[in-house]
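Chain IDs A, B and C follow the sequence of writing; residue 1 opens each chain.
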């Protein structure tokens, strides 16, 4: 049984990854070809020639204007995936068209819809506006994860692991010690997990980038919109400094940590991560520091989760985990994802392949 | 279900590969040991000792005169595969004999019969006489292909791919543009595909080796004898130069391109290729040029077909290809191979293993 | 169907391998964590945290006194595997305990019981006292084998392979030529195989370490206690020199070759080997020579058995071996192992996992 939820939008790439070079990425088990038209629109179509299934992203396949030419026998397709030329004859078979995917460029991401295209327009694309907004500076990356997406969801929904796995980076004892509050908005399909530390050590990660000395008030407010988009609203301020009654918060530092968790296959994941900040906007040194340190933290997770995937692959069926309070958010996320999967299945019509 | 046709002769090696060193190759899924007797005959027997299945091609196994001694416990076999000595006792069990294979050396190849040995003598071995004949010079090689044999058959039966995959080598626009004629001789079990280009660009591959300047008449006459032997009779001449009425053709250049397509396993293939020419016979420079360039072209196919094998491995069942006119020859070849497989199955008796 | 016999003691490690670093080894398919308490006791527990199955041997997991702290979320366990701390709450779930294994340190080995722990105390641990005894000097090692344990049992029970696979090391023609006697003590569950060579060449392996010149009397007395412990009592003396009537044997050289054959998985094995001698006790040169040469011999077996495992993986079902006199001991060993497996199955209760 698949663990991948269909009929959903997923992040396929950063917009900056897609240009006039043929670009292929497997999203939810489907090999998809991305390229930009001469006018700059992102296209998304199946990365398999209809003739003998040669990948259109493989050399010597190439773009000619707004068409892509297969490198094996020269079948040629327009930006909508429809075949416009075949070798040795002028008649083009009516069925010669590539599956084409709904695609939207938003918040620095390329989103692609996996499932029944007719449902794309009515399906929510969650937002992460800071990644592409005046007043914020963002560093970002993508790390390939050789583990199922659910392991990354588990990981991010329970930040008490920061104390152990990321000790010396973003983890301090207070993270694991401070209780969390979890809220689930079933109607909106969002899980919230909050951990407000009133008086905590400042991890080097933040002291170096904000310049704060001494202890801090540290808020971690998670907002996860299954199946794909995870946001950590992070607030750091000197101890005791709170937002004003009108919501303004000039003496605090805000960091929006965004993850897009996109299944590549059942057992591998594209781990997109981005860190947006509202301070030191033009300070390259702070950008370099945050990029380097956040990537280190992401790779610590990648190493641990890749190990877990191997552990699961080798274990007997029916293995039982043991869950405690810190897992409330993760278990809620699993429940929402299962609900989405169920609803996608219920309305599924057999796919023409 | 296997895609390998049994009760057929296959090319196992070039004769030059087999000598007084133990040589093993897997043909149609069977591990076969080859060596030459002291009088020069090629032998072919199972590469598994009857005792504890140690491969006789593995060191420290070795030849002693016309016997091969297993490197694990010393079981010793004659050139007919019959055991002649065992350790620790003088009595040799009656059943101690290796499966032995009918083998024929012809046209520079070592042919081996896969299936019921009693059918070997009555089964055709197709010919490629130029490879070992006065008046012709041959360059040749073998490239391991990590793809099923049928993908190479498809590839070679439809040369319109030369224009795209081998552009700059043997492909020019005329190849893909010129229509083909296909003939199937069901009785003889041969597929013919012809493409006669009356006025075509001369690919660098040929201009450099023949010295022709300007445009050419280029004939490509394919003759495929399933399941294994593919011949491309290639004729190049200055534009308008045709053979004489008596069949002589002194002003043209002839190249016989021969492929032996031997399944190693269901998903891998030995890709034997040879190029014989009737001109510049002693010109080493032309030989070097043809060897280098033909190998480059073969490796372009190998890269593409290895990709296709991976694509097939990863795709859902029931994937549908789309075929057009250029595929007529390839589809005919598939049909003849299926017919051979059927007839082999119909007469098969359960094999004693 | 598993080929691994449960409800038995297996060698998991040399005592010298286990200290204050976390050490993990897979024994009979179970990942087991080993470490020594501050007072020096060896502990053995499951290498999977009960929370999210993170391996406790993976960094940044670490020891704190006599507890091990999981590197993912900080679950902490005592030397008995019982959880003593979890993050974010003070209540520790009653079921939070790691599976713990009966463990015994004896004859330089760490033995671990695989199966129902209640049967550990009543199950025999075979002895190899020389490895840890006054009057003997031992060299030893462990080589990972990518082959099922039964292939190593076969190999060691039939030493006629020494002549072929280990020619120039421990093999001479007399080994394969001399008949063996085999005895099976069904009650004690032990197979004995003896080969007494009255007048044999002295392999370089022994001439260099004993200083004997000329031909020797060479006895090889195998004693195998399934499923795990193999002993070769080896006696080398100048030709004609026999033990005294009272059993003393001052003019001979004795070597005890011990193998512990521990399944890692169904298809891989820990190949522990040790060579104890009662001569040249303090001669480092002899130790170096024996260590180097014995390891070479073991690796020759490893290479051959790894090949056999691959051969088995690729062969059709129902393959038939052919056995002769030399295989009597190996076949007896297989029979005893099958009997142990049957008896373990008969009494097995479904495991709670």
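A few notes on this one:
What we mean here is this: a residue touches a chain if its C-beta (ideal position, glycine included) is under 8 Å from a C-beta of that chain, and two chains touch if they have at least 3 such contacts.
A quick note: this is a predicted structure, and the numbers were derived from the prediction, not measured.
Judged by shared residue numbers over all numbers used at their interface, chain A and chain C contact each other through mostly different positions, with under half in common. Its C-alpha atoms superposed on chain C, chain B is turned by 120 degrees; the angle is given in steps of 5.
With centres defined as mean CA coordinates, chain C is found 48 Å away from chain A. Residue positions of chain B touching 2 or more other chains: none. Against chain A, in their complex, chain B makes its touches with residues 154, 158, 160-161, 163-165, 167, 176-180, 304, 307-308, 311-312, 314-316, 318-326. Residue ranges on chain C touching chain A, taken from their complex, read 31, 48, 50-55, 58, 60, 69-74, 86-89, 93, 95-96, 353.
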